[in-house]
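Each structure below is given as structure tokens.
Each of the next two complexes has chain A plus one more chain, namely chain B in the first and chain C in the second.
Right after this comes the complex of A and B.
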């Protein structure tokens, strides 16, 4: 299946693009998509979404089809989904 | 016909002139506000007009104060926001400035949450005073807001917000504003609130440190109920501090987004024709 991924903020800079279509297996979940995205880019991208152990950073924000996702639950994806990724930035 | 005088519906004769009404009701008034703007010239009043008469320098009684405070609002705003409840998670540079703006515009109820106390390093951008150092921010901000607008109902929670207590603390608000400092906290709040209140909007901020140009701080829609303010990239870190001007710009983006949501407007403007 094909999933449209939007990169915002720091991830957009690290990926060098704002959007792309990633092909996943038909039973792919969010964690599979993140692994696929991380595999395409260098350490600057990976370090934004993963910690030293490879776990997804708590600061990652995931929006699936306009709805905030619980990333720890790694929801299943469907063909045609749009996933927006960004990281919250320190400061307030 | 009916008009509002100091927010009280009042029957007047068709053709009544603004200044003659002032001379009848408040002859000493030297400030006349009609429909949110100062009136310099006399004019025939129209059905539904909102007029306020103010005597400069005179402290009004409690029955009149609230309406006089809202005299410069766009007509119709005060009645709507007075019925609203807004949550503010985090009372630092963002949260304290959001709270002041929303109290000044007359939001009826504010739910404030922060576990921390006022420190000297907060005073470069946060809405506290030197003599409040050491106080819980919830208590200090409540004091300050009540001095600004005593008609705002304030509920405080001096606790560390977690995914467990966010649903209960903010279940009654119409809109939640995220005003945390840490990235993990920001994302936690978003996920917890979106899960417990999926139909309610949350206005977040991300990327507001330093002194980058003000116009790089923008209000964007990130999801159906997620509004994001900031440049999304400029983090607070060694060499890039947090200072009142740019934090204030972001906070007021958030406050204006809240105001637009409460008034039934699209907070970003991209869904309006």
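Right after this comes the complex of A and C.
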């Protein structure tokens, strides 16, 4: 299946793009998608979405089709889903 | 949400000054009197805090507590609208206070030449009815969040990066607090980052409208929700955000 992934904040800079379509297996869950995304980019990208153990960072907000996802539950994905990854930002 | 402000009667000059915004349905002279009776803490007065303080001053808030350390630098001037070229090398809060008073001489300003820290957070939050978080460091943001939760003060969270912004309204006990949203100091966040002044001003101005609505008794739109926008694609989206029942900061309220 194909899932559209939107990268916001520092992830957009780390990926060098704001959006892409990632092909996943038909039974893929959120964790599979994030692993696939992480595998495409360097450490600056991976460090934003995963901690040293490979767990999804608590500060990453994941939105699936406009609904905030429970990252810990790693929900299943469907063909055509849009997943937006929102990073923590501040001011200055 | 208005019991924490004491409305103040308007003078004729103030009625003339705020006439156009008092025509806004649901706001009126009663809303303006509540705004006049309110005190807001703005920390810091940079790309976010400058437009926040400026718009609150223009709208007629009674008192601003502004906290910002350091002196004006060239690199401030693309976005920190309260800092001026002639004040380069001089304290930022002096420039900010001067600009705010030029706009609104009736405004009371408490200018603190420090950033939020462990030693001053409780006192500064205690001086205000509402807090606007415009700080660049999550250590400062988490301190303000902790104190707002402890003291039951609303906190308007404004943030920006590059061409993007985020805004949410935190009402302790009712909405997620900042630690619910971001349980850790985000490791990727850096003190210096790309941004345009217009992008930060947009986040600040959205935050100001949330604050004015809260103070005046109108309903905030971003309580329990986060607005995020991308001015590259010009997309604005609002998502629901949830409290963390295990949040170490707000789980007991």
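Here, the second predicted complex is superposed on the first by the 89 of 92 C-alpha atoms of A that agree within 3 Å, B and C clash if a C-alpha of one lies under 4 Å from a C-alpha of the other, contacts with A are read in each partner's own complex, and residues count from 1 in each chain.
Rule of thumb we're sticking to: a contact is a pair of C-beta atoms (placed from the backbone, for glycine too) under 8 Å apart; a residue touches a chain by one contact, two chains touch by 3 or more.
Computed from a predicted model, the values in this text were never measured in an experiment.
Name the contact category of A:43: first (chain B only), second (chain C only), both, or neither.
Touch status of A:43: no partner.
Looking at the overlay, does A:25 come into contact with chain B only (first), chain C only (second), both, or neither?
In the superposition, A:25 touches no partner, neither chain B nor chain C.
With both complexes superposed on chain A, which partner does A:78 reach: first (chain B), second (chain C), both or neither?
Neither partner.
Common interface residues of chain A with chain B and chain C?
On chain A, the overlap between the chain B and chain C contacts is residues 8-10, 13, 57-59, 61, 63, 66-68, 84, 86-92.
Under the definition above, what is the set of chain C residues touching chain A in their complex?
Touch list, chain C to chain A: 44, 46-49, 133-138, 141, 158-162, 164-166, 181-184, 186-189, 191-195, 200, 203, 226, 228, 230, 232-233, 237, 239-242.
Hey, which residues of chain A end up touching chain C in the complex?
8-10, 12-13, 18, 44, 47-48, 57-59, 61, 63, 66-68, 84, 86-92
Residue numbers of chain B touching chain A in their complex, please.
Spelled out, the residues of chain B in touch with chain A are 90, 92-95, 179-184, 186-188, 190-191, 194-195, 198, 204-209, 222-226, 228, 230-237, 242, 247.
Taking the touch rule as given, give the residues of chain A at its contact with chain B in the complex, in rising order.
8-10, 13, 57-61, 63, 66-71, 84, 86-92
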